[in-house]
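Please find the structures below.
Below, subunit A partners subunit B and then partners subunit C, in two separate complexes.
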Partner chain A sequence: MAMAAFRREGRRFAPLLHPNSITAPRSSLIPQELDPEGVRFISTQVVRNRMKSVKNIQKITKAMKMVAASKLRGVQTKAENSRGLWQPFTALLGDTPSIDVKKNVLVTISSDKGLCGGINSTSVKMSKAIHKLNSGPDKETKYVIVGEKAKAQLVRDSKKDIELNITDLQKIPLNYTQAIFLTLELVLVDKSSQAGLISVLADDILKNVEYDALRVVFNKFHSVVSFMPTMSTVLSPEVVEKEAEAGGRLEGLDSYEIEGGETKSEVLQNLTEFQFSSVLFNAVLENACSEMGARMSAMDSSSRNAGEMLDRLTLTYNRTRQASITTELIEIISGASALEG
Partner chain B sequence: MASNAAAVPFWRAAGMTYITYSNICANLVRNCLKEPYRSEAINREKVHFSVAKWVDGKPQKPRDEELWHGNHA
Partner chain C sequence: MLRQATTRLLSRRSISAAAGGSVPLRPFSTEVPATPALDSSFVEAWKKVIPNVEPPKTPLAFMQPRPPTPASLPTKLTVNFVLPYASELSGKEVDMVIIPATTGQMGILPGHVATIAELKPGVLAVHQGNDVTKYFVSSGFAFIHANSFADIIAVEAVPIDQIDPSLVQKGLAEFTQKLSSATTDLEKAEAQIGVDVHSALNSALTG
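Coming up: the complex of A and B.
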């Protein structure tokens, strides 16, 4: 109340003293310059407007949270089911994240839209670290970026290493055919035949990304609030064969019998192609799932923040209103008593 | 690519990859379904994304990929 009185006094004398000296250190909630000169009471209009806008923002974030929650449910079952696709491969071929090969392709998976916490920066950070680990004088590491957000971040300092950029993946629900086409974009083996198959894929644009090892970086979904930046490695058939001969983790491959007239290298080639498409499928789904989870929690906390802000604003608003009413009353009463006395 | 080696599968000799081949097979199976399952299955497997190749740190013109899966079989 004393504050309000002071404020009023200040306004009255403000033009006499100095136009802005008194208003400067005060909170920006009630910008004094918005009130016309000579107004006796503090206008609550600004706070009211602010309250309205905060309320609207809260509504929006709440709605976004609901949307994310319902989308999450659908994509979560899909992601969990798709884990069964790559798990046998890891059991068979093992995961060899530390393998040292010449041509690396880093597939960074991110989302197209923002407002989903830090999932995109985590996968970008992880990709950058892996890029650093795998770069050397005679080595080549290229980025293939899925999603708009990682592109925006990687363009800044490593745009020379970007090979391919794929966006708009989530306009329709993710499915395995999409993963197949993505894989085809990445590991296209023969340009001409592809052009014959799908006339849309113009053959001159499609130059295959040659690789020894593909590293897919994505956010693996654990729960709504936790996801792990993960890398899965897919080796090219030649490398798999070399590794199998050298022993180590891939040794178990020889104990399998191969049916039919196919040789081991053919089987391996088919296998790695399928492995890559299923790993990619799973990665895209897991990342979409993490995105929705992250968006849910981000929107939850922002609606909570908006609520807190609204509380604070309401308090300020009520206090100011009450103060002005009190002053008015005091003025009336003292005026009346002056007349009586 | 071992396309001219002996005893390669016919589809690889034609320059397909395993996943292209299996995709075509899957699509055939989908087309063999009865209605309404057929259109349901085909609708489920729509493809949409856009690809941009980067040359010397600059994105080339993006190309939209939009296929209804029954189209190219």
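Coming up: the complex of A and C.
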């Protein structure tokens, strides 16, 4: 008797349960809706709510994409215009990524905000690799971090190596003066108590340079969907002078006549600091540009995903609704025919 | 990663091809594709320590290689004049430039001896045929390479015809007055800078 009743019940359930098997991947939603008392009151409310939230998420990602696209346009022109700035320095001082010096300072450039694909983890990964490459028994490699995101990632395992970090760079559009201030701040690296004070006399700063090579790690903008992890090396004036002597990397530098300044080292000092500010200026712009591009493509794909999800949910919703209507009709009709018969 | 592999391979080949074709490379910049050996030693060291990550690009990969020093004197000077926000002249061939070096005005003709010069506020004149373009530059550096390339980097520069003479006069008068009435050292220094810049501008306009 009980078995027969169960079988009958089972037949009643069948048309309702059927749609679930079709939407198997999404089925996590459905069981919650099944009321343990009566299947008839199956609720579509959960699916509807979910659809609404997906729709809202899609709106947000679409808006973020638009914002990133318009910001990209502005920063891209700036980055492209600043590309000429570092080239003369590379032409003069060469490119020395493999130089072996004692005190390395890694300037990792990242963004302040997330949701921009893999650019921050790329620059962190590169920085860690370069750190590994330049670490040795009597060598010292420190991080200087620009941007919030790289800090969050690097603070986990290399907290002791972080010398300084600078955030909120992008709140106001970057200009060259800021890059110079940043340079001064970085040059002050070892006097971290004074790091914020830019008004420290220039002479003071020049005497307290505590690096042999600065390595700026950033993502160079290539196109909206691609960026290239890049490392620029800036040497300290002492290293430049040493390398310029016979047998060094920069042997040809001695063939240049130097005009202005009292001594050669003074000019080299100005030169390398100017080089650093130029490289940094370009690097920050390129990275901001890559960030916008990466955010644009990330947001594009997430709005597409949200759209697909919405389609699937709509299908589930309609099926469930249709199924419950059908059940009700069957019940009414079979009831009526039972009375007649 | 793989996506970049082909471009990387291609660029490397073109660099080595260019290097192989020319005269033996001098290690330094007058010839800009710096010794490829240098770059490859970095790549090798990188591959040894971090085998599973592609090495980062270095600035050289993004630069147009500069030609070697020619045997005969070229007739034109190739000038790159860059600002943080623009490349004012890029690879332009001119007859002569006059730069405001800290040691005085310097005329640069093709075949000038390799020089590094610091700039002071003053007039940069670019001579091309009978045309003379004048800019007022704030400060910066000029590198003259042995291959008749000149790189001029300035923090700020404006074409001289965009400067309003009446505003310069007004500013000069204002800062002179401020200088005489300044009481603190800071005010004095600020006024002095103002006077210096305006008188440099003034002499640029009149001279």
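Operating definition for what follows: the second predicted complex is superposed on the first by the 273 of 341 C-alpha atoms of A that agree within 3 Å, B and C clash if a C-alpha of one lies under 4 Å from a C-alpha of the other, contacts with A are read in each partner's own complex, and residues count from 1 in each chain.
As a working rule, contacts are C-beta pairs under 8 Å (C-beta built on N, C-alpha and C of every residue); 3 or more make two chains touch, one makes a residue touch a chain.
These figures come from a predicted structure and were not determined experimentally.
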Which superposed partner A:N81 touches (first subunit B, second subunit C, both, neither): second
Which of subunit B and subunit C A:F274 touches, first, second, both or neither: both
Partner chain in contact with A:T167 - subunit B first, subunit C second, else both or neither: first
Touched partner set for A:S265, first subunit B, second subunit C, both or neither: first
Which of subunit B and subunit C A:M126 touches, first, second, both or neither: second
Contacts of A:K159 with subunit B and subunit C, given as first, second, both or neither: first
Which superposed partner A:V239 touches (first subunit B, second subunit C, both, neither): neither
Touching partner for A:C289 - first (subunit B), second (subunit C), both, neither: neither
Touching partner for A:S226 - first (subunit B), second (subunit C), both, neither: second
Set intersection of subunit A contacts, subunit C complex versus subunit B complex: 175-176, 261, 270, 274
Subunit A residues touching subunit C - in the complex, by the definition given at the top: 78, 81-98, 125-126, 129-130, 132-133, 175-176, 179, 217, 220, 226, 228-233, 249-253, 255-261, 267, 270-271, 274, 278-279, 281
List of subunit B residues in touch with subunit A within their complex: 1-3, 7-9, 12, 14-20, 22-23, 26, 44-54, 56-60, 62-67, 69, 72
Residue ranges of subunit C in contact with subunit A within the complex: 3-4, 26-30, 32, 34, 38-39, 41-42, 45-46, 49-50, 53-54, 56-60, 62-63, 66, 80, 82-87, 90, 101-103, 106, 113-118, 120, 140-141, 143, 145-146, 149, 151-153, 155
Subunit B-touching residues of subunit A, taken from the complex the two chains share: 159-160, 162-169, 171-173, 175-178, 180-185, 187-190, 192-194, 197-202, 205, 207, 261-263, 265-266, 269-270, 273-274, 277
